[in-house]
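These notes concern the structure reproduced below.
Just so it is clear, A, B and C label the chains in written order, and each chain counts residues from 1 on its own.
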């Protein structure tokens, strides 16, 4: 009984962590249709920036925020100087964001070296609930993830800004006729997606050792999570998708190695997407 | 004589908008038919269902006595249904020759027969001198002809032309009219043309079908249509 | 909409005196030079060059998918590694018939078969081209993970050792490829033959239809083509080629490890082909050989900066030089020949 509960807990925590890591991608892909292959690099940058900030004595939370801001600004620059000329060419944005990943990773290697770094866990210990124990930090991140998703939902569906953004997505031409500044909106969305990726990377640092490629583990997982969930359904889709991808991987990993579990999950995701290209939550 | 193409109760509904409402429409082999109507009348929708790009909500489509309603686009193309889209859809970065070559490949001819056919078509659509120019470098009117040429090279027997003279000069429009007539008379090809250019339609001297709000309003010769009060009202917005 | 480059080199070339600069002639010159190389250069180069030639073959498989069919694949290395592992397993199994031959044949079949199945599965459903790219990326990850996890078969992280194959000709004896020179002379003609074979293929009907798919798939469908079948054929061929090259690589390098099939290597191939010229078989081939050689040479000195330069070059080619080096050279030739298709 306790094993089942702890598996469920594990799956939930992993789902929410994956959802957080995928959120930046979901925003950018879902709202402006760009496949950000540099998403993993943004995650990695968030982690490294956090580490660097903490090395200078800044405590964890401000460091994470600073890191996220840094990555957000970088995303803004990327959008302004490169991406915005290629919105009508999805293949090019794919390749260019991949180029961003290549260049960023090499710069990280040059600046920080390839040794593993680590960041101390700011919330050590576990929350003992008798039957199960929730690691405090992981729990906090999971809760935060949920918070972010709900908050974004609120903004998108209950505020003027959110309505404008959604209108833009539905109908670009119409939106520009209504006087919405398309360019600015796209910038905002892209920068926010980058910010979220950086933040996710920052928050993940206490849970793993940092190397130049940690973000990339999440890249394909995030893509599948977002697409299986349903690209247009940024909130629900990301959650459901993360559950399907992250949760099932956890379950499979009980019976086989981590590597094989991931392979099976990817294969299943490919299968699902072939039959339901718009994702699980898509409107017919 | 059985018509080459015939629709039976063809209907298309888009989530609340009834684009085509139970249309019965038929065109005889070797003839030209003009389809006109104000914007939003459902002309392109009808064509799209015949070519297979849109699935009907209800109704059936018969091509040479064969029920093609559920056949995919490529299959219908192989049967002989060719469509020229509203905006010229050609291979921009390939030469005119290469465009026609692909079309001819689609018709499945052997190499020698292919080059002969391509030369023929180039002549027909007045692009012999432009064979080695990329499609993107051609004028708008020439691109329309190229697309029509592709249908010919593809051995299409039913040509669905969606606004072929849009963006053409008067001279080009006249030449297009001659081309269409020649295709019908000399090559026994069947052509359905969606058009807005009244002069072009008049010169074509072909039967006209008027669509309005997704239904066939009236059919007849150009003179009959031009005299028809209902048609006039529809175009002037009184209907 | 698939990836479209700004220029095409299809169709009859202009009847001009500069035909001696045409691609196949250039290729022939390069191959002859390569053939003469062992006379002048030291042993190490002769040892390592066949591996880069095989990388070049893998690059050509990507040119077929990307430049001709318009679909980037981030998974060619997955097939490459698959071929190496297949060869390794077959060589280990031994048998009455030359396992080296069987390995090569099996690799091509397995690569073509898997690519064909995956391709048909995806294309018949009309999946978006960008989604196809993601699937190939996933394939690379999956290949690496399988290689790592099935360690009883593959040796896991430690990799697998593979014997060098020898050429047996039945009653006519055998030639061992254990030494550098014979192996070099074995791989070079194969590479040349595959280059010319592919070139003939893409200049014929197959290449033309793929170009149509790349330029405007909807138009091609409206002309009666069953594009999913053509795309599947292209992917199957590229998979077979990459797998075959991998099998040869395995028996040459005598070793294969999971990272050979992973994402990093797969994307390196994309970088090579982008720089060499995605629409040029020769460009891809030479970029594969050249960049890999340079990487090997420079990584001893300055690995990070070289990779950074490659990354920047990659972005620059995507932004400004869609045709890569081959495209730039081609335009230069055209300008001096008095304009395109005079």
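The definition used in the following text is that a residue touches a chain if its C-beta (ideal position, glycine included) is under 8 Å from a C-beta of that chain, and two chains touch if they have at least 3 such contacts.
Bear in mind the structure is a predicted one, so any value in this text is a computation, not a measurement.
Asks: Hopping along touching chains only, can you work out the least number of steps from chain B to chain C?
Replies: Minimum number of steps from chain B to chain C: 1.
Asks: By CA centroids, point me to the most central chain in this structure.
Replies: Minimum centroid-to-centroid distance belongs to C.
Asks: Report the inter-chain centroid distance for chain B and chain C in whole angstrom, where each centroid is the mean of the CA atoms.
Replies: 43
Asks: Can you compute the centre-to-centre distance for chain A and chain B, using the mean CA position of each chain? Integer Å is fine.
Replies: Going by mean C-alpha positions, chain A sits 48 Å from chain B.
Asks: Between chain A and chain C, what is the separation of their C-alpha centroids in Å?
Replies: 33
Asks: Touching chain C in the complex: which residues of chain B?
Replies: 51, 53, 73-75, 77-78, 82-83, 89-95, 97-98, 101-103, 105-107, 132, 150, 154
Asks: Could you please specify the touching residues of chain C with respect to chain B in the complex?
Replies: 4-8, 10-11, 205, 208-209, 211-212, 215-216, 218-227, 341
Asks: Taking the touch rule as given, give the residues of chain C at its contact with chain A in the complex, in rising order.
Replies: Listed in rising order, the residues of chain C that touch chain A are 1-3, 72, 121-122, 125, 127-131, 133-135, 137-138, 141-142, 145-146, 148-150, 263, 267, 270-271, 274, 304-305, 307-308, 310-312, 314-315, 318-319.
Asks: Of all residues in chain A, which touch chain C in the complex?
Replies: Residues of chain A touching chain C: 35, 82, 90-92, 94-96, 98-100, 102-103, 105-107, 109-110, 216, 220, 223-224, 227, 256-257, 259-260, 262-263, 266-267, 269-270, 273-275, 277.
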